[in-house]
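Next up: the structures, one after another.
Across the two complexes that follow, chain A remains constant while its partner is chain B and subsequently chain C.
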Partner chain A sequence: MKHKKHIDYTAAASSIFAIIIGLLVGLLVLLLSNYRQALPGFFTILTGALTRGPKGIGQVFYYATPIILTGLSVGFAFKTGLFNIGASGQFIVGAFGAVFVGILFKGFGSAHWIVAVIASILFGAIWGSIPGILKAYFNVNEVIASIMLNYIGMYAVNWTVKGYKPLFNNLRNESKNVATTAEIPKMGMDYLFPGSSVNGGFLIAILVVIIIYIVLHKTTFGYELKAVGYNRNASKYAGINEKKSIILSMTIAGAVSGLAGGLLYLAGTGKHIEIVDRLAAEGFSGISVALLGVCHPIGILFAGIFIAYLTAGGFYLQLYEFSTEIIDIIIAVIIYFSAFALMVRSLLAKFKKQKENKAVKKAAIGEGGNKA
Partner chain B sequence: MNVVYFIFQQTMFFAIPLLIVALGGMFSERSGVVNIALEGIMTMGAFTSILFLNLSGNGMQGQGQLLLAIVIAMVTGSLFSLFHAYAAINMKADQTISGTALNMFAPAFAIFVARIVQGVQQIQFANTFRIDAVPVLGSIPVIGDLFFKNTYITTYIGIAILITATVVLYKTKFGLRLRACGEHPHAADAAGINVYHMQYAGVVISGALAGLGGLVFVVPTSTNFNATVSGYGFLALAVLIFGQWKPVKIMWASLFFGLTKAIAASYSGIPFLSSLGIPSYLFKMIPYLATLIVLIFTSRHSMAPRASGVPYDKGER
Partner chain C sequence: MEYIIEMLNITKEFPGIVANDDITLQLKKGEIHALLGENGAGKSTLMSVLFGLYQPEKGMIKVKGTFASIKGPLDANALGIGMVHQHFKLVHNFTVLQNIVLGIETTKNGILKMDDAREKIVALSERYNLFVDPDAYISDITVGMQQRVEILKMLYRDNDILIFDEPTAVLTPQEIEELMQIMRELTTEGKSILFITHKLNEIKAVADRCTVLRRGKYIGTVTVSETDKKMLSEMMVGRKVNLTVDKQEKEPGEVVLKVSNLNVMSKREGHTRNVVEDVSFEVRKGEIVCIAGIDGNGQTELVHALTGLESITSGCVTLNGEDLTKKSIRYRNTHGMSHIPEDRHKHGLVLDYNLAYNLVLQQYFEKEFNQLGFLKSDAVNQYADLLIEKYDIRSGQGRETKTRSMSGGNQQKTIVAREIMKDPSLLLAVQPVRGLDVGAIEYIHKELVKQRDAGCAILLVSLELDEVMNLSDRILVMFEGRIVANLNPKEVTFNELGLYMAGSKREEKRHEA
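Take a look at the complex of A and B:
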């Protein structure tokens, strides 16, 4: 990543290029599997989310909320040189914090939901800090530590929910309902998008996107985190406490993923922690969102909404004889080609530079002292 | 003693796929390409080979069918890994991005195609591959019980791959060149090695082994394939790092993980363990917890291949 002097429009252009190719591959797969229904099916993917009016758009924002935040978590860690594959574990541990407070701490009245959201952030932060501490002090690779912590977190949450009576709904094998005071207020979203599940959580997610943007791009603290990501030893030499930076990066990433869990499970849409031995998919979607958004907070916001938009379109696709997995195929192809686009961009930059260099050399009329 | 044999046989079912896939990952990373797509490649290899087992189930059974499935799994894995190789080597893409794309593509593709081919996403197969006892060898005391009873041909293939991988990596010209590309590709290039070719070889070997690992994982532990390998690709990645990118250490790491996993899966059938009254969730957590704790003590001098994950650029200085 040597050509990142400033954010230019080519970043967006390259993502759009990848999206177009992804959609074309999707169309091709539809054509190959069932050519008669391919075109209406494809049209449904593109516009399905819009056909339900404001409610449909509200649903898109509702689906987007958790994956924007897990994407932000992964993207933030990426910017600081860490691969946070543990968003899944942080997500479910954060969700547990929110549900725990949401069910048991009823004395807070109208501030109940705020306490529950803060609990999700704290739980996620603690879970995220573990791989950070292990990396800083014991040189444990954060990828493998995060993978292990995904499973440990999932089992620990299932164990606690199932083992602690006040939390567990025996009949449905999932967590009980949170108190209504713990549900996130609509914050006016119910007027904008009547009938949909979207709530204030979406606005909180946008707020967090802005905060992370400011921290990463406008503060010394963010600069230090990024510097450690580029070169740990050089940063240490420059007087940055690199151990502290690594731990804080992972803690913040964990906090954001935990918040994603909290916002989803406090949305009041009948979401409960189910006791199944499966990792939360939102964490892995976060990786896709972060990569599609080129790890830039604003890009991640749009990438999250875009993926949620396609996913919503995919639901309506079941009217035709296609399975919704076509959406994942399209997103996978988009991500694959977004990796190419980075190369195309740097090639262009290199080409431009070479051209300039040649021009300079010609102007200087120097001897051909070229080193390959 | 029967309990020991039982746990050992169970351990093999969990450890062998991890061993095979982690060795695959080793070839890729030792050539300088991080292959985070192991999970997706496993899924793909398991998908095509299990689909083959399903479709050919009427006319074929037994070891011949399994061997054909193995070939199909390996071919699928290598072909699928070519996407990663092209992105990582030719396009110099971020290897995490293309790996993630492959991981996302594989289960979606498996479900989509399975639904088209047979209506439902689970692919059933008849398991006719278990070997109760290997003739002659199975009747040796102790060793026969440990290695040659209640087993699968894939166990021996896994062991053969381990031996071959060790020899190839350390005793052949190819292995030396591969390792050079992962440590210092520019030096390797200057010595006349085609770095791109070596990296392609590394990734494709990892694809073949990961595809095989997908099949080997599904066959002993299930009777259908539901478009997932339960995170085993990621665990193999962990085993690879745990095993310090070295074949023999990878074997110990996968045996360690396989043993803890086998105990978690079968403790209720073992009188000694089930009488302890330990909650089942603790058993489920132990493989991951134990790996994490061991890593804390062993990671201080962790040595990843130096150029792993860095796209090789010939013109770069």
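Take a look at the complex of A and C:
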């Protein structure tokens, strides 16, 4: 147990290290572009999200909801040995499922939003299962398959929305509003964070984080999925149906990404499926969030909130005549360094050992093994 | 000084372990010096230090009387030190010639000039009696030949200090004999040889002196002619070791495993062929049947066919009278079949899982450990602790240890414990002691005999003649996918068995075993 905790601690430490380096690089960029305003600008990044009190915090949670889920999708697949780079496609296909049900299936009354959310999960799951099936039966690399499915998903959704009259808002070149019954209820979030866009979707995201955590760490199903991820041959030897595991793992990852799309487009904040040839950014943010959260569900939860926090703060950078792209640079640097998590981890371990050695040398009877 | 290499008081530490603790190794010019030790004794670390892969914390290295600072393999090579690795470092779709010159190709204006290299290689192979065809592809020549290529690689680089890392593990008895001869010839030509092994027979046969390591410590250096195998093994293990397996006579019971007319086709390098051909045999309760043969004669595929890892083309496998031919792997695993796989890293363990998780790899889904889809971690932990205690599995952090960080012997014990605890009626053990040291071998052999005495049917696949002769009640020899002999270990000699394995001798009438 002690050992396990120790590992978690260094993993978190490497993420925090990456964050610090990322922020420092951000400061450097600010200094280079306008050194007079750099410090207040930097301060804004760090605290901007809080300037408007509960509303600001609510807004952070609103931004965090989809990227926590796409992060979870990528992280979950990664834990089971698969690199799901197709979160973007699953996200938009899931969003389409939600919007489709949200606009057309008005007969469900107060359960309408639930049906729409379920539709997003199903659509995402189907989209995610395709690379899983290709991998399991034809040994097609899931990275390539899921990248391609990002584009197929995006264009298919654009085409369908544009081509199917009841869904399409001709004037604005985007999908129509979903019925108000399909919007996610606030679930009390409006009392906690009055005036913000956050809704029950954030609570659903947290619930999914917990479910994924339990599945991965407490169930025999998670045991199988991880075993297949670590060693496909040994899993086969142990009688695990490794093809089924791969497909299920990608299906679940797709379902979670699809849910992310559903929750965002059902939030009732004026989000519509726009007909543009651009992959959903939330999918790729998911990769960042998963990396920063070292693919652990709880880590991903915090990483998602953190990145949303920076994004919200960065919005106010415009007050100082900086462009918000600086936030993207900072996030990119953070991700860049958290991708070096392993290297950082070994550096930390080395540093620690040196420190211990010194301590031992200095005090001949020094007890170096005292760990935090 | 007459010493060509001196490693003096080498100490190398890794986090939490002292891999080499004040070790001194002195190699005389023109001698064969054996380096003996169990797995984890520090042999590989010591050699890595010599090759500059690790820098020692203390100690120094002298080559030919002068202090040398070795920062990497290139430095070592420049000092004339060469090594034949246990797993050969050859490019399989290159020819022998190309492999030998790889890295130091002779060129003219950027164009390869192979003729000089070819001449030199032919001259070297004549001088040392190392005949190989320079234009043959590595993938087409035998393992013994591949080893010769490795030796030629060292000679081509004018190395005069040659290190052999467990060179006999992959060879047949005849090939081992030839290798020994080659080693002797090399020393008469002035080369010095460092020979890493844990096989005592070979040390007795070929080495002049022997340095023994145990758990990172230097135990001593002895002149081989003045010592015997018992003493060497005691130095290595630190206690008295029983080198032969004690086994009572036992009359085998009813048939447990029955294999009839089994065929397995396999795709290899583009074309399909029968890798297991019309194989039929039986294994009875309370007997150890050993499948002997040189690696790659269909043993792996046969075992995979029995366990369901590979599909069969035709034939029938029955266990306790039940036809298993079409059953799933899980069904076989839960209906009396246990399997100690050939490759413990590929099949036997999920290396990134901890010890406890690996110990339940075949049972996590059973009622004992599984409640409504949730893993009962308390039950898993209890069970793991029980097995760790019972089978003396040693590791850094008990059941929480990642199996990747455990020694080979303890990894193997983990698998053996897991498979035996299932109380199988048939135990398939494929090279169960591969790469293990004397202590672990003794342990696992005892455990197999214990299972046999308890009424388990054991099918043992082994490449090691000692193991075959010591352990088995009956020997089946496999050659090119067929069973070519069904022998009684008491009536066959080592040499005869070697001839069967090499395919140069076949039984006149094929026994339906």
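The working rule: the second predicted complex is superposed on the first by the 335 of 372 C-alpha atoms of A that agree within 3 Å, B and C clash if a C-alpha of one lies under 4 Å from a C-alpha of the other, contacts with A are read in each partner's own complex, and residues count from 1 in each chain.
Just so we're on the same page, a residue touches a chain if its C-beta (ideal position, glycine included) is under 8 Å from a C-beta of that chain, and two chains touch if they have at least 3 such contacts.
Here the structure is a predicted model, which means the values were calculated and not measured.
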First, second, both or neither for A:270, with chain B first and chain C second: neither
Which of chain B and chain C A:166 touches, first, second, both or neither: neither
Which of chain B and chain C A:231 touches, first, second, both or neither: second
Partner chain(s) touched by A:151 [first = chain B, second = chain C, both, neither]: first
First (chain B), second (chain C), both or neither touched by A:109: neither
First (chain B), second (chain C), both or neither touched by A:325: first
Partner chain in contact with A:141 - chain B first, chain C second, else both or neither: first
Chain A residues touched by each partner, larger count belonging to chain B or chain C: B
Contact footprint of chain A on chain B as seen in their complex: 83, 87, 91-94, 96-98, 100-105, 107-109, 111-112, 115-116, 121, 231, 234-235, 237-238, 241-242, 279, 281-282, 284-285, 287-289, 291-292, 295-296, 299-302, 304, 315
Chain C contact footprint on chain A (complex, rising order): 1, 3-4, 218-223, 226-227, 230-231, 233-241, 349, 353
Chain B partner contacts - residues on chain A that touch it in the complex: 29, 33, 83, 85, 134, 138-141, 143-145, 147-149, 151-152, 155-156, 158-159, 162-163, 277, 279, 284, 287-288, 291, 323, 325-329, 331-333, 335-336, 338-340, 342-343, 346, 372
In the complex with chain A, residue positions of chain C that touch it: 15, 307, 309, 328-334, 339, 341, 346-353, 357, 361-362, 364-365, 369-370, 373-375, 377, 397, 400
